[in-house]
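Note that subunit A is present in both complexes that follow, paired respectively with subunit B and with subunit C.
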Partner chain A sequence: MNSQQLDEMEMPTQTSKLNQFRTNFKEGNLSFDPSLRILSRSVLENSDFPTTRNESWKYTRLTKLSQLSLTTTEKINSPISVPLKSPYVISIVNGNIIDLPTIQGVSISRLSDCSEKQLELVCKNVSIENDVFHALNTLYIKDGILIEIQENQQINDAIQLIFETQESSIFCPIRIIIVGKKSSKAHFFQHFSGKGTGLTLPVFEYFIEQNAHLSLDKIQLENDESFHISTDQVYQERDSFFKINTITLSGKLIRNNLNILVNGENCETNLNGTYLLGDGQLVDNHTVVDHLKPNCNSNELYKGVLNGKSIGVFNGKVFVRPDAQKINAFQSNANVLLSEDASMNSKPELEIYADDVKCSHGSTTGQMDEEAIFYLRTRGISDRSARALMTQAFIGDVLNQIENEEIVDYVQSKLVELHDWVI
Partner chain B sequence: MANYTENELAKDLENQEYKYGFVSDIESDKIPVGLNEDIIHLISSKKEEPSWLLEYRLKAFQIWKTMTEPEWAHVHYDKPKFNEITYYSAPKQTKKYESWDDVDPEMKETMKKLGISLEEQKKLTGVAVDFVMDSVSVATSFKAKLAELGIIFCSFSEAVKEHPELVQKYMGSVVPTTDNFYAALNSAVFTDGSFCYIPKGVRCPMELSTYFRINEGGTGQFERTLVIADEGAYVSYLEGCTAPQRDENQLHAAVVELVALENAEIKYSTVQNWYPGDKEGKGGVFNFVTKRGICERNAKISWTQVETGSAVTWKYPSCVLKGDNSIGEFYSVAVTNNYQQADTGTKMVHLGKNTKSTIISKGISAGKSQNSYRGLVQIHKSAQNARNFSQCDSLLMTDQCGAHTFPYIECKNPTAKIEHEATTSKIGEDQLFYCMQRGISEEKAISLIVNGYCKEVLNQLPMEFAVEAQKLLAISLEGSVG
Partner chain C sequence: MIKINNLHASIDGKKILKGLNLTVNAGEVHAIMGPNGAGKSTLSSVLAGREEYEVTEGSVDFNGIDLLELSTEDRAREGLFLAFQYPIEIPGVSNVNFLRTAMNEIREYKGLDPISAKDFMTMVREKSALVELDSKLASRAVNEGFSGGEKKRNEIFQMAMLEPKLAILDETDSGLDIDALRIVANGVNQLKSAQNATIVITHYQRLLDYIIPDFVHVLFDGRIVKTGTKELAVELEEKGYDWIKDEFSTVG
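So, the complex of A and B:
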């Protein structure tokens, strides 16, 4: 097939899969800049689901997603389960916001209650033009949440964002905007879980002001049939700190877009992630760290273990813009393949336009060290336990980055439960 | 030059002029500008080709017409106008040269300027040179000696006439006409190139080398190289390029195919120093080359390249490791200066069991240049115990240049081990300080560090070539390479 024919194939038609896909959705009515809605609509009308010919979806096929027939719902059933003790719980069920807590030093409001001025933050750094999922989110969000950590406030307990899908065939777009005001400090815990086939499509926008400190642990515990495509768009100002740990435990297809704009000097950025995949799962982590200003550090560590017929994708980009001197940017991706049918696609990229920098990336793909397994076996540890121990040690580097012990314990217990570990 | 600083070095680098820029005045036999089926018929008839080759060309041309120019590379340039290029240019000659004395003295002079005097090489180095000036080879030496061993080393057109069965069997078997835009173009309009066949179990006793030059202004050069090492054979093949200074962009779209049959080994080394354009980024050669080798069981292919020239480089010497236990290697130094752009790297496709690949890539960017490494390591399901090691380092000499790394690592086999590592930095202050503390001047220290930085790759070059490679590196980065 020549390229001309392929081009014709990509031409959208009245019955494009994307148009079919969104027939049951109703546009939201938040009062943000109407041009965003117009743009989203035109993007959706003029394009289709990205194919593997699209560089950023090269290894992730969306055919199964595009065939789904989804709808939205306002139904909320049973009470949700909350993993942590912290009293600050924001819960979103089936894409609907349940209730918002009151936290001293934090202002939390629904986007539907926000002023037009506050809504200016919507899509400030999220580009709609090149991403149909951003367009889908922007056009169909019914509501969202604006969380502002007030100046000089330090929130000690984790703020829990609990996302739960209780029904099958549900489309859940949600928009959360988090502003860490000057010299504030907060820690967020995001937990995603779901039932049945569906698409969870959250877009998070973070604005981290001068000297603010924001850390985030994201746990993805989706159903084996569920699709999850999320975007975390981070904007850092000078002297700020940002850290995210993404722990992917289950899900059918999980795509995480993590884009960080470091637009200030003396910032620190940490991105860590781990994924343990079983049969029929696909996890795609796309990260971008864009250094616009000098004197910053960024560290990235992603580790994954792939079992069964699973596919792992890692694409990490580091940009160092002209004149952004004295940048230290490190990136590392390590993978272990446990089965014949697992495959891993790793693409760490560096684009450097300044000379006084130290940037590096590394990527490895391999298997479990049989000698180490043997060593454990000689000490009377069963093969199963030995492998579980080794896996735990491998991803331990990432789990160690989680500072909150309660979260570490929670993740450990889930791992044991999901993988039948005997330790 | 005790106070020689990095800034001065950067300035010196910018002021570098291309040293091999000259135009030799030889009458050329040109065909009309443009590209259509008539031109292809004309090229084919001028070269007195058999009909199967003409058909091959026409088929490739049909495929090429349906293709679009690739745009994914990290380079920006005005696309060549394919209808304004002359696709055939041969130095005018009435009869074939019988001996060295018959060769046009002016051409000899050209070769002398390039530092590849044939007489000298014949006597001193034992290197057989198949010298390609524009598109027709004009001198071949040591042929008889090689023939004794059954080695065929000749121009591509000669091979078409004398060994059509080999050419027909292997041409396009590694790089098919459908491979990419420039490979298809080459397949349609290639004028000449080199052909080499090493018979079973023969170890080629000398380094085979070909020098390419682009001489005629506005002439595209489309060589085709085919190297076949039969079972158990060994050959080391050298390719070196220099081109005279030009203001208009010249297009070079070559295809190199290597076939290493069972237990064979091919070592292919390139030193490339085509005209990179002037300080303002005007002119220079577009180098869009498709190079690929296929390894059968226990075979080995090793690519070594020192890339210092060309305005735009788009080049990925690759290995298809088809047979079990086969080995692929890629060693590269790419230097870009002023407004040069290079997007180069390799592809290692592991198909067989116990296949191994090593990638060592060293990029040096100076001036306002952009230097990218783009590589693919692909481990297929069948490649049990495959092993890959990649290291891609970039050195930045000024604050206006760029160095980029785009590795693709795809693994479908759980027994494979893949390592990839890349670093980007400038010459470390501490390294400089360490050297200077021991009484080494800054300039010498820089040269020492750059030398050491490239050593891993330069060590891979055959002795005869290492000298030339160092000469070219020195020209590209004078002041930093001592």
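So, the complex of A and C:
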């Protein structure tokens, strides 16, 4: 009898993979509504990791993730590297908050220091019932951060949220709540990196109040063994502006859930993303823009380049509810496959229940334009550089959406490092 | 400069070049004329190294190097340039950006340091002026939204930037009005030297009023069947190609 058979025998047969997966985790004790914890526990006890039979995980296999044996840690080792010059740095190492800056016009506190009233924001729009990862996050977060941009405050420097994993085999759930109060303006920079296998499981909840402006650049630079499942849950009130650019540069399995509820008139919503995948990588972007009120614009552009044996998934839903007239909603997903082993699964979905709207969506997946490659090579450019130039051109319109020059330069430098770009 | 000997090439099993011979020396301008489908663009594609074509026989010596052994980019780095009959559009790739990459890769191949940004921009200004290409166009995406004439001028601009030893201009004059033709020809003439050579492929004798060829060749059915001087071009334009066809058509 080998050890694996032994393990199986010792396990009660009804133990799910999910129960096994969470054996080493300890529940947190933040004082948010206790019913959330009860619900999370029951969801986790009564369900398992979603399989590909589940529509929203159809192309993203979690078998490898479910087999990991992870723990949490309070260890913090080396100093972290901070990409931007902005002094506003919030760092989270191995899932632990290490320091919180003081920013004029912004109040920043740990969830463990928040009042019950403040904690009412937790899971306000995040549903636990149908999502084991939201349940995992809610049950096991030790702490989190509440960031409130005060009314009428404009924060010019980027607020950097730096997530770094320094240990292998750890589980890092974290909750970040960001409130852009009335007529405020701020720009966030999220950066994820680290080493070793593990699961990074952040849940972000954004509340963008009336006339507020919030933009966000999310850079995912995870390592070849890391799993990353994140949720950005956005709630927009009238006259507000939200923009997110999700740049996925590396990682083993990355799932981004981006859900935007536009619950006010005259809002603008921009969601852009690009992903450059190499051998053995999977990136899954699931986005939802839900227009509940009239007179709003949303623009969505995701572009991907897939190399080696990689898998890309894009699922973009746009809902226009019955009363939401005069909505302009555009969505586009375009992909280039650089190898025969790469595959892309793209599903744009529009559900429109109002009649006076302008919506369009499109999805394309193609190969590199070999005629263009030949043209560039006849000018003395190597095949490799020609392909890099073409890739750069392809995702250029997404990168152009990043307004902060320092971030653009940073992303470019990473692309040079990872993909041999010529600039 | 270049010595093409008994060149045979086919595509998808169809024989297009059938024993082509051509020698071009430094300092010379050669014109190649011939009916549609004769194989003129095929010759330029084969010389540039387009992989769809299979060379089944023959050799090409380019300044002492076996050209057919080189990759497309190395042919360019050795000094071969092709102005395309149909220049393609490459959205998102800026003209000057890619030219700088090209220039630096060529310099690296020759063991030279990269060109400085300042020298490069000076050169862009000079050379775009030479072909009267709006400097705004020079920095836009390659040929994107360019008119037919602008695309052709952009080809000559690139040639001027890269300073090749041998340039092959495949119908660069087709579709140009007289003004544009004069500009393009002027560009070519100014770049002419005792060290380089040009092959112009054309259907129209009028180009040869501006770019005076040393030799005019007739390419027919995959071979050079007749060689003469400028007068041959006049004769061809007057009489068409039927008399050539009658004389050289291979039956069966």
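By our rule, the second predicted complex is superposed on the first by the 407 of 423 C-alpha atoms of A that agree within 3 Å, B and C clash if a C-alpha of one lies under 4 Å from a C-alpha of the other, contacts with A are read in each partner's own complex, and residues count from 1 in each chain.
Keep in mind that, in the parts below, a contact is a pair of C-beta atoms (placed from the backbone, for glycine too) under 8 Å apart; a residue touches a chain by one contact, two chains touch by 3 or more.
Given the structure is predicted, the values throughout are model-derived calculations rather than measurements.
Because the two structures share subunit A, they can be overlaid on it, and in that overlay subunit B and subunit C fit beside each other without clashing. Contact with subunit B, but none with subunit C, is seen for A:L337 once the two complexes are overlaid on the shared chain. Once the two complexes are overlaid on the shared chain, A:F394 sits against subunit C while remaining clear of subunit B. When both complexes are overlaid on chain A, the residue A:I80 reaches neither subunit B nor subunit C. In the superposition on chain A, contact is made by A:K358 with subunit B only, not with subunit C. Of the two partner chains placed by the overlay, neither subunit B nor subunit C lies in contact with A:V408. Contact with subunit C, but none with subunit B, is seen for A:F374 once the two complexes are overlaid on the shared chain. Judged by the touch definition given at the top, the superposed model places A:Q325 against subunit B, while subunit C stays out of reach.
Residue contacts after overlaying the shared chain place A:S382 against subunit C, while subunit B stays out of touching range.
Put subunit B and subunit C next to each other and count what each touches on subunit A; the higher total goes to B. Here's the short version: in the overlay, subunit B gets within 16 Å of subunit C at its closest Cα pair. Residue overlap on subunit A between the subunit B contacts of one complex and the subunit C contacts of the other is empty. Subunit C makes touch with subunit A in their complex at residues 48-51, 71-73, 75-77, 81-82, 84, 87-88, 90-93, 97-99, 101-103, 105-106, 109, 141-142, 158, 162.
By the touch rule above, subunit B contacts subunit A in their complex via residues 66-68, 72, 74, 379, 381, 394, 396-426. For subunit A in complex with subunit B, the residues that touch the partner chain are 2-4, 55, 59, 322-323, 325, 335, 337-340, 342-367.
On subunit A, the positions that touch subunit C within their shared complex are 369, 371-372, 374-383, 385, 389-390, 392-394, 396-397, 422.
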